[in-house]
């Protein structure tokens, strides 16, 4: 089967997610779709698989134009997509997920679903518990289940969106092997990623997207420099970072245990000094968030101690942590950080001193005006936060932080931002560092971790590595640790 | 066995039948992700409509069908307001609760305390002779047998059919359902209407069988209990039915105890089951694990099984395709 | 604004009224009554004499107080359906005070107001605790507490507070005259009640607009997690919202006993708690619109018993008018948003 995408346009308000993209995909090939966050990869694939419709442009299958009005249409035409966050029903068992939406009689045929799961599972070496609720499976296993489901429905084109995020090293190996097998059987595989190494390892052809447009097409073997310059438009330079002397001890974590329903992080020791930047590396869901929440006072530890500036604050409420100068900036800005419906001015009133009865609007106005100028926020004091763009929301979140902080905890501080915005955000963060604030942050971007951290700790399956001096570690070494090797 | 107990059990089963219909109906609606809060008003209006139609036409069947149609239309209005017009479904449901209650009073005025038709008693031959159980379960009217059927069919439908699987997926994760070719909003309309029809059947059940006739605010309060037992029952047909029977038991215990406490006014006994249902709700919503740990072992598993259950993940959430 | 847009705006504002009239007209015809005669009766029942207009003011008091309270809980995203029970609790507390304390009016009347505030606040606190720490949805918590409150009222009227000549549905014995709120002339309206309700509404409006507490409540209502991250203590503020709302509702209940009935009756809350939810919905959660809506609702409330006297119709037509207009308001709003949506430009 041959797929041709011709002049695909898709705008979201002012954002040009796809700005006239044309692409050809052939059977029997693993075709990479490379680009940084926000380049338009996922939007394009959602259009191809029927989740979204293009504003303009055509899709041709074997030369014939097709119109998908739903994912089901696309699957019927043989195109299936695996989403980064698997689109399954967590409350259902694996079998029920497999049976949902597959053809059959009026009754729920668990036996047939079980046979399908066994046959296809055996073919690719997947071993999935058919009766366990999907919510108890790992992301990798849920991905395997979705793959089995799509193959059982007879798809001939399989799209994988960032499939290696959040899965273990053996699962990744298994996945790559399965993808090779599928392409040998004549399926077209589209592998969407922003990771150079993976694309190099797996794909024979690559299309690079940048800012909603095709930046270039390459055939294996790929030169790293070339891919990087297509992705980013220029070769990456390193950020000049002044070394500063570290100050007093800000945070001491001693033998900490934190539990969530799905993960236990235990035996964590960490000491952080004023002005120090610690990067928390690892696949998502390996324990970084638990450590951050515990250090921010948002999750009560089950064991161990947290000492802030010499004072034991273990198990104390979040407000105590706030008083000790700890702040947490979540990744989900509009869900956890900002209040949709309230204006910037109201946010600044809320984030400032709220003692007293009547709101001191003049104070809030002055602060809003200063921060909007200071942080280059595109918006006015009476702009509601949901009307801001992602980058401006992140700037607003940073602007809302108290002036003097001892410890700043950031979850994916530059996720979804363009390079210029990311740089700018880090510029402001490093300023704080120079004023003695210690920073803990997570990122899935190894380059970001290496570039900005003094030390890096790596998480894998609820364990934390000893801190590594960034000056003495390479990206490859980190990759190994993140994959669960050497911990 | 003590004949008083048998008689009481029999009357509990009979008087709970409408609550079973309403509870299961609302369970279907909520399983699809929609909350129809209007139950207290819907039951009143459909009870009135069923009685009025049966009274005027002399046909029980037409009465029940009319009640079901009324319940269905109200439910569809909730669904339309919530899905197509994107308004707060709780607000629409609440307004309809009050509106339908007043409508039932206004339109039903000519029918107050009129003698009307009632569902005939019909013991099932053979089964009624089973000792104890036969008298309790099979010496009833058709409506009660229908309530057994609704419980069973609901259970089979939810967990053993493709349609039930689709229904559950729509309430749990509409995006995933959509990805599998299921028309999410159509399924939501369908089951809201079905749930509303069952709620209407419950209304007819009161005015044509359990609480014969029509009067001002004839069934007031019952709709709220039905909504509470859906939560109490963890959105599972068997446990929802259990909740309905539990409420029936509380009510009859109240009226049995009443003669023993002549100083306490009857209104207290009438309101007590409502307060107790709130307590029960507190039990299922609070710290279940902590509660279970404090119980003796044999009870623990039973209590845990009874209290398990959580709302469909997509309950009350709007779904719009990309 | 173009004349066309203004016309649309007026149409949208009037549509719910028109649709409600069409619906009720249909229902009235179904009941075999002349719709215009019915509307005329409601109007004359509400406005024919100064006394009637004073009755509208009497009905406005509990609605204003309860709506003011509901604005507070709605701001925090909470649906306090327990207002009805909180009204009753205020009435009970006031009755308890009057039953147990003999004092001159100058002492007992201010105390009765305080008792009402406290009674309602306690009931609100309970709902708040069940909601925040019990994890029960506030709708069910509130409803349950409403049932409990009305059962308690019945118990007290038929038990400890029973009149010597036997308990009836007409309630306790009348309060001593020292516990009667003074009334305006020969009307049934009390200046104190009216002043208190106006102060309550203006106070709530100011609190929600201009205080840190109001801002915190709005933040909680719109995004509870972000509010928490910004340092707002959510449980405490939510419970406080229930307490304030309960206190205002309790005051309404208290005034129903001292200024309106001068005794405790079984249905002391009179459905005003539920009605005030409609008021707040129809005013779009905006305090500015509450007085107008309350006036309309009260006029309907005062005028509709006339249907029963003159036309042998049920007075629930008043409730149909009130709920109908809110229903159509919500539906028309939805329609307008639906029509407007496709016009929005896709690209900027």
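Think of it as A, B and C in the order they're written, each chain with its own count starting at 1.
As a working rule, contacts are C-beta pairs under 8 Å (C-beta built on N, C-alpha and C of every residue); 3 or more make two chains touch, one makes a residue touch a chain.
Keep in mind the model is a prediction, meaning the values are calculated, not measured.
Chain centres computed from CA atoms place C at the largest separation from chain A.
Looking at which two chains touch through the most C-beta pairs, you get B-C. If you average the Cα atoms of chain A and of chain B, the two centres end up 44 Å apart.
Taking each chain's centre as the mean of its C-alpha atoms, chain A lies 48 Å from chain C.
Centroids built from CA atoms put chain C at 29 Å from chain B.
If you check the complex, the residues on chain B that touch chain C are 37, 81, 84-88, 90-92, 94-96, 98-99, 101-103, 105-107, 109, 221, 224, 227-228, 231, 263-265, 267-268, 270-272, 274-275, 277-278, 281-282, 285-286. For chain A in complex with chain C, the touching residues are 11, 13-14, 55, 318-319, 322, 328, 330, 334-342, 346-347, 349-351, 354-359, 361, 400. Interface residues of chain C, counted against chain B in their complex, comprise 27, 30-31, 79, 81, 130, 134-137, 139-141, 143-145, 147-148, 150-151, 154-155, 157-159, 167, 266, 274-275, 277-278, 281, 313-314, 316-320, 322-324, 326-327, 330-331, 333-335, 337-338. Contacts from chain A toward chain B in the complex involve residues 46, 51-53, 70-73, 75, 87-92, 96, 99-101, 104-108.
Contact residues of chain B toward chain A in the complex are 159-166, 168-169, 172-173, 175-182, 312-313, 321-322.
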